Structure formats: C-alpha cells, structure tokens
Amino acid sequence: MSNSVLAVEATGIAKSYGTVQALKPTDLRIEPNEYYVLLGPSGGGKTTTLRLIAGLVRPTAGRISIYGQDVTELAPDKRSTSMVFQSYALFPHMTVEENVAYGLTLRRMPRDEIRAEVSRMLDLVGLNGYDNRRPHELSGGQQQRVQLARSLVLHSDILLLDEPLAALDAKLRKDMCLELKNIQKTVGVTFVHVTHNQEEAMTVADRIGLVAGGELVEQGSPEAIYNRPEKRFTADFIGENNIFDGTATGAGLDIGGRVLGLPTPAETGREISLSVRSEDMRLLDGEPKPEGWQALSGTLIDKVYLGLIGSSVVRLESGQDITVRQVGAMSSGEVGASVTVAWPTEAGRIHLS
Amino acid sequence: MMREYGNPWAHRAKWLYLIFVVVALMSPVLHTVTISFNEHGFGAADYDFTLVYYFDLFRNEEILAALGWTFWLAFVVVVVTLPMGILSAKFYQTTRWKVPFLLLMLAPLFIPADIMAAALLVYFKTLSRFFSDTFGLEWFDLSMTTAVIGQVLWCLPYVFVVVLVTMARYHAEQTEAARICGATAWRAFWDVEFPQIKAGVFSATAFTVILSFNEYTRTNFLKGGFETFPTYIVSYMLNTGMTPETYAMSGLVSMTSIVIVGAVLLLALRKEQA
Amino acid sequence: MSQPTTTGGRRQPASSPLSDLLTGERGLGRYAFYLPLAFLIAFFVVPMLLTLVWSVFERTNFWMEPGFTFGAYADFFGSARFENFLRAMKSSAISVLVAFVLGFPIAVFVRSSVPEKAQHKAILLFILPFMISEVIRIFALRPILGRHGVLNDALIGSGLIDDPISIFIYTPTGVVIGEVMSYLPFMVFCGFLAMESVPRYIFEVCDDLGSDTLTTLRRVIVPLAAPGILAATIFIFINGIGVFLIPDILGGPGAVNAGTLVLNAISALDFPLAMAIAAIMLVILMALLLIGHWLFDLTKLLDPAKR
C-alpha cells in the first residue's frame, strides 16, 4: 500500500552523552503496520534509537514524528508508543492483572471494561489463568508475555521492543519470535524491535535496519539484506561471507597479485570489496574449475561437520581465511591438504563502501 | 562460613565477646531504667517496683510543655527531612558529581555537634541582624525554625543513606515502563517506585523521630524561647545531679527510643518471614 | 488491514497546565531535586566556611565587627587553652586506640565467621545503643563508674579489690571510658563496611595457607579494611576533641576540650574566639579527611559502584 503518512519519521535525530556520540544524525522512516527490526552489534546505538522514539531520552538534534505529529517535545506518557523492555520492567508489587491494567487505570477506564480488555490481552499472549500471580512467580518467557500484554492493551500506534527475547533460551526464543510475528499481524500495529540476534531479526522482520557505530548503515527486507547487501559492513555482519578487498581494474578485482572476476564491471582504480557467501563457495576435489567460476588455492586448516552442513576453513596463500559451507558431502581432503576454493562469478557482490 | 576444622569453643568465645560488648554498651541505660522503677532510688539495698516517679513527671507542667515541644519539633523535622532525603537520593542517582555530592551529604556527620551548632548560632545571629536592620523582619531569630534547620542537618544524612540503599534495589526500567503506560513522572513515582521503597522510607521516618527526639546539643544552641525534653533534663541534671526524677526522665527518653526501635525491628522481621 | 487513523496525540494528557508546570520534565518540578543541595549549601557549607572569616573579625562588647586580626588565634595559642586542646587530642587518640583494639576484632569476626545472612543483623546489634540519647547514655555512666557505683561494687563483691577505685570517673580515664562507650560501634560499623568488599574466600585462603591469626590480621585484613578503620578513626578522634558533653559530665574539674572552649567563649560573648576554635577544628578535620582520601579512597566505603 502506498502511504503518505509514516508511522515513524525521524529526521536528523542524534544523541550524545557528553562526548560519546551514541547516535549520529540519522533519518529513519517506518511504514504503518510494518515489523521493523533494528539489528546491529552491541553498543551500536539501537537502544538509543528506540528510546528516542519512546521519548525516554531527548534527542540532541533532529525531529521525530509519529503518524504525522511532531512528538519531539512530548514526554513519554504523552506519546502514542508503548514498550517491552528486556527485563525487570514488570511492577513486582502488582499482580499480572494489575500490571496489564495499569495503563488503562490511568486513563480512568471503567473497571469492567478494563477487566474484559485485560483478559482479552492475556488470552492473546497465552496467559489466561495467570491473572493473580506476581511477576516473580512467572518464568522469564511468561514475564515477557505479560509485558507484551501490558503494552498491547494500550492500543498504541507503535510498539517498541528492546531485546524482548534476550533473556530466553534458544528454543523459547524461536517460539516467541513466531508468536510475536503472529500477534503483530493480528493486532495490526507497527512494531519496532531491537535485537542483536540475526536469526531473530530474520524471522520477524518485514524490514531490517542495520545500526552500528551510531549510524543506520543499511536497511531493506531480510531477503535483500541477506542476498544483496549493499555495504561491506552488512556483508560482514549478516550471514557468513568471505570478503576480498582490493582495487578495481579493467580485468576485475586486484587483490594483490591475483585478479578476481567481478559479476559486473567496476570503475577502474577504485578501492572496492567483493563478498561471496560461504554457502556459494565449493571446494574443488581435483576436478577442473567450471566455466564462469573463480578459483583460489590454499591449505585446508579446519573441518567441522555440523549435521546438515559441513564447514571448512581454507587459508589462502595471501594468509586470508576463507569459510566454505557445503550441504551434505564433506570435502575428502584432510586437514593440511592443498585445496582449491571456487565460486560462480555471478555469486559475488560488489561493495563500494 | 563455619570453619569446619576450627575450634568450636573459640567460635563460641567470640560470639560471647560480641554479646558482652553489646550488653556492656547498653548496660548503663538499662541500669538507669531499672533504678527509675525503684521506690528507694539509686544505691538503696531494697528494690520495690513503683511508677510513682513517672506519674510525678506527668504532673509537672514544665515537663509536659517540654515533651510537647519535643514531639512538635520531631514532627516538623520528619516532614521536612523525609522529602529532602528522597530528593537527595534521587539527585545522587542522576548527578554526574556523585562523589562530591556524597561527601557533602555525609560531612555533617563528621563535625562535632557543638562545633556545628556554634557556627550555625553565629550564622543565624548574623542573618537575623541583617534581616531586622535592613527589612525590619524577624527572620532567623532563634526560634523553632532555627532549631529545625539544625536538626534537619543532623538527620538528613541518615535518611539519605537509608533511602539510597533501598532505592539501589529498585530497577529504573519500571519507572520508564510506567511513564510509557501514560503516567506522569510523579504518578510513576507514587504508583511504582514508592511502594517499593516504602520500607526504607518507613525506617528512615522512625530513625528521624528518634534522632530528633534525642538531639540535645544543636537544639540547645539554636532553640528560642522553649525547652525540649532533652534540654530540660540536662539543665535539671546539671543543676541538681542525679535524683529519682532524673532517673525517671532518662528512663522515659530511653524507653521511647527502645519502643520505636523494637516496633521497627518487629515489623521488619515479620515482613521477612512473610 | 485498516490504517490507524490516530495521530501521536491519541493519548490525551490527563493533566492540567498547572500540574504540567509542576511535574513535567521541563516544569518547575525538576528544580525540586536541587533543594537538598541548596539547603546544605545555605545552612552547612556557607556557615562552616564563614567561621574562617568570623575568626578574624574584631571583638566588640556583645558581638563582633568586620576587621582583620589574628587576636582570637593569639588568644587561643597563647593561653592554657592550647595546652588543654593538646591534652584533649591525646586523650582522644587513646580512645581511638582502645576502640580499635576492642571493636575491630568484632568486625573481623562478624565478616569472617558469621553466616552471610546473619551478618547485617549482628552488626545491627551495635546500632541499638546509638538509638538512645547520647546525653542520657553519658549521664547513665555516672552511677556505674562512681566510687559507690555499680562497677566498684561488683569489683569489691568479687573480691578483686578491697577499696573502691576512684579513677573511673571525674578523671581523664573517665573521659576515655565515656568516649569508648559512645563511639565503639563506629569502629565496628566502618570496619565491617570496608570488609564487606573483601570476598569471604580471602579469610579461607589465609586459613589454608596456615598463617596464624595475628599475621593474617596484620598482613591481610587490616590493609583491606584500612579505609573503614581510617574513617572510624577520624570520626572518633574529631568527636573526642569536639564533643563537650563527655568531659563535662565524666571529666574532672580540669577536663576541657575544644567543645568546652567554644562553649565558654560563646558564654563570654567572645565570638571571634569561638569561631577561631571552630575553624581550627574544621581545618583539622579537612586535613585528616584529605590525608585519608589520599592514602585510601574513602569514597569506596559508600559507593556501591566501587565495591
């Protein structure tokens, strides 16, 4: 759908703590009903971005609008956002029901309406029957569900989630991911979700924004970010990619002695990078290099069998380590053997920055 | 850690010593309380229980007036000190100048009461001269106000520390969560944070009442036109030495404190078991 | 899926302009947090610093007037007051020592041998005496320490002595006893507080290494607890010099300390002298705290972040 009004529109927002620039001036545009994920390494500025949207911190520069209304000067309680925190955010002296009802009580909603609404939300997050428990009587996953219910019950326009699943074990996290996605579809609210877990991001996101070093590095659908990363950083951070840095020449990419073929020509003389996903690479077991492939020789230094996938590490003559992941059969070579890694030329992706 | 190979008798002896020191520190007061109930007073061979000296106290107009002032003073000091203690703990949590602020808050504890009281006395006299000469006002004449200021300085560090320790166990995310649910800053404080630091605020209140109730030196310097119970007792004792009346008065002061402390401890213990 | 039609203003503020003015992040409410600071500056920092100024004022009949004279200091150092002051320092130092010897082992014992959960309760026992009026506690020592007091009765009764001992009260010894009885708990608190940051396995390690108790104490525990010991030492020392109640009630006719001197100066309406003595006390306190802070970071004691 085409939208003239954005759910979140931040222009040039920045936040500094003293001399630390937590977030450099950034533009962020999130569509209505989108599940947007902020992904990135620790300390990158994800939480800062989220808290700026919520109004928990004041931007040092820039403006933020929610559904067309400028909220930059509004306190968190005056904004149409709600939030799920990583942990410790439930009110320990209130029951589950009181926790979920808190926002509605503040709005002076009639009691029976509150009760109906609360039990509807607890149903939605799969917690009916837990009304009278205290937070400390719940498991970590259940606590996060209560937080979710407490946020959803407000029917805010934007739901912010700051690493909501970080405290959960891997299995539970996976289940909750799918559930979050479902709930988002059901309630039709814009979700902005912060995580540093790639898998989590890929599972839930409609669109991923990669945040690092206080900058929004790149954004796009999970598929695009994974398959067609634009920036070298993205290729490095998402998936398992092998990256070659060098100078573009007429013949390809000069990586110091060797010239690799590029999928598309690049401007001669420019410093660029070429990335190839590890699962697009193969070890050639003595067979000749197929037509239209690139090959490099090196020494096999490690072999790990991971069930479905086998992973090998090859040290090139240049000293660079290359990871090759193949489904099924492992290379027959022993550790220490000379091997050749190869990939189809068009599997490579060029990064200008 | 019970040292498993340690000598159990040495361990017991250490406990015994600890208890002995506590009892020794308390014994003069306990002795005074005991004597205050003896009809024959100090040094007598016989012990006959009586409340007569206490009844006498409550028939003495001056003492009743002094008690009234003491409680009124304690009340005002609590009302002023508690919010200030909470505010200062909050300030400490948000300020970037934590260490200097902490030192400033605790410094009044280190300065001997009479030195501080003397400095304040001269300060208030100066201010009072200034206000009456320039504006014809009676501000900072020695009065209830000046006594309250002196006592607040004395109680504030304790309240600050007690509240701070309780607040340290509180997770600030909860305030943020409440704000996002639509609560104003004050509403979030009252609904979410206060219920969780209540215990600390309660002990701080009891603490302040006791500190104010027992305070002698600062009050004696800075009060104007009234006696509190401690100042009355001390001037009485210095004039007449220890008499059955002074024992009863001391007993009354001590037992008030003991009752308050006992109540606080009992409540804390009951809460712990719940 | 239907488009949310709301705007950011969906949640109408449930407050009036007035409450906004008082409570908003940008309202007056935020200045409330500066109130304690302002109070301390106005009624603590300023008067304490002004003692330095007042101490050089000229004395008048009933008050003082601005001037610059060291008359008060000359008066203090050039008379018996100074000797009394030095004697008070000596007696105070003895009190510190006694309090350390009697109190510090208790702190060590509680930290090393009492179950973790009960430690705070054990320490709390030492708060009890503090909860009782200082004056009352000191006066209550009179019937205990006197010639016909409880202590002498007990000693005679047990056959240890034949005649009552009279140095327990109205003597310099009486002052030391009073100070130790009053301030001993501080040594226990501060020592314990400092050792709370010492992991308990340290004590076990020392056991395993077979070092005997005294060596452990001297080489390991005392250095670790040093900030606490120092804080308590400064506290007891300064109060020993400054609090007039103890020499007044338990000391003999000549028992005088800084507190008494200040009090006498004020009674004599010699305000510059009183302020000079207060200033001297302040300088000594600051100097001790600075030295202490320079030797060991005293703030470690109270800053949980540094634990």
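A few notes on this one:
For clarity, chains are labelled A, B and C in written order, and residue numbers in each chain start from 1.
The definition used in the following text is that a contact is a pair of C-beta atoms (placed from the backbone, for glycine too) under 8 Å apart; a residue touches a chain by one contact, two chains touch by 3 or more.
Quick caveat, the model's predicted, so the values are computed rather than measured.
Relative to subunit B, the chain whose mean Cα position lies farthest away is A.
The interface with the greater number of C-beta contacts, when A-B is set against B-C, is B-C. Centres computed as Cα averages put subunit A at a distance of 55 Å from subunit B. Note on chain placement: the centre of subunit B and the centre of subunit C lie 15 Å apart, centres being C-alpha means.
In subunit A, 75, 77, 106-107, 154 are the positions where the chain touches two or more neighbouring chains simultaneously. Along subunit C, residues 11, 14, 24-25 each make contact with two or more other chains.
Contact of a single residue of subunit B with at least two other chains is seen at positions 182, 184-185. The touching residues of subunit C, counted against subunit B in their complex, run 11, 14-15, 19, 23-25, 29, 32-37, 39-40, 43-48, 50-51, 54, 63, 102-103, 105-106, 109-110, 112-113, 115, 122, 125-126, 128-129, 131-137, 139-144, 148, 150, 181, 184-185, 200, 203-204, 207, 234-235, 238-239, 241-245, 258-259, 262-263, 266, 271, 274-275, 277-278, 281-282, 285, 289, 299, 302-304.
The residues of subunit B lying in touch with subunit A in their complex are 171, 173-174, 176-185, 187, 191-192, 195-196. Here subunit A touches subunit B in the complex through residues 54, 56, 75-77, 81-83, 85, 87-93, 102-103, 106-107, 147, 150-151, 154, going by the rule given at the top.
Contact residues of subunit B toward subunit C in the complex are 1-3, 6, 11, 14, 17-18, 21-22, 24-29, 31-32, 35, 42-43, 84-85, 87-88, 90-91, 94, 98-99, 101-116, 118-123, 125-126, 129, 149, 152-153, 156, 160-161, 168, 182, 184-186, 210, 213-214, 216-217, 230, 233-234, 237, 242, 246, 250, 253-254, 257-258, 260-261.
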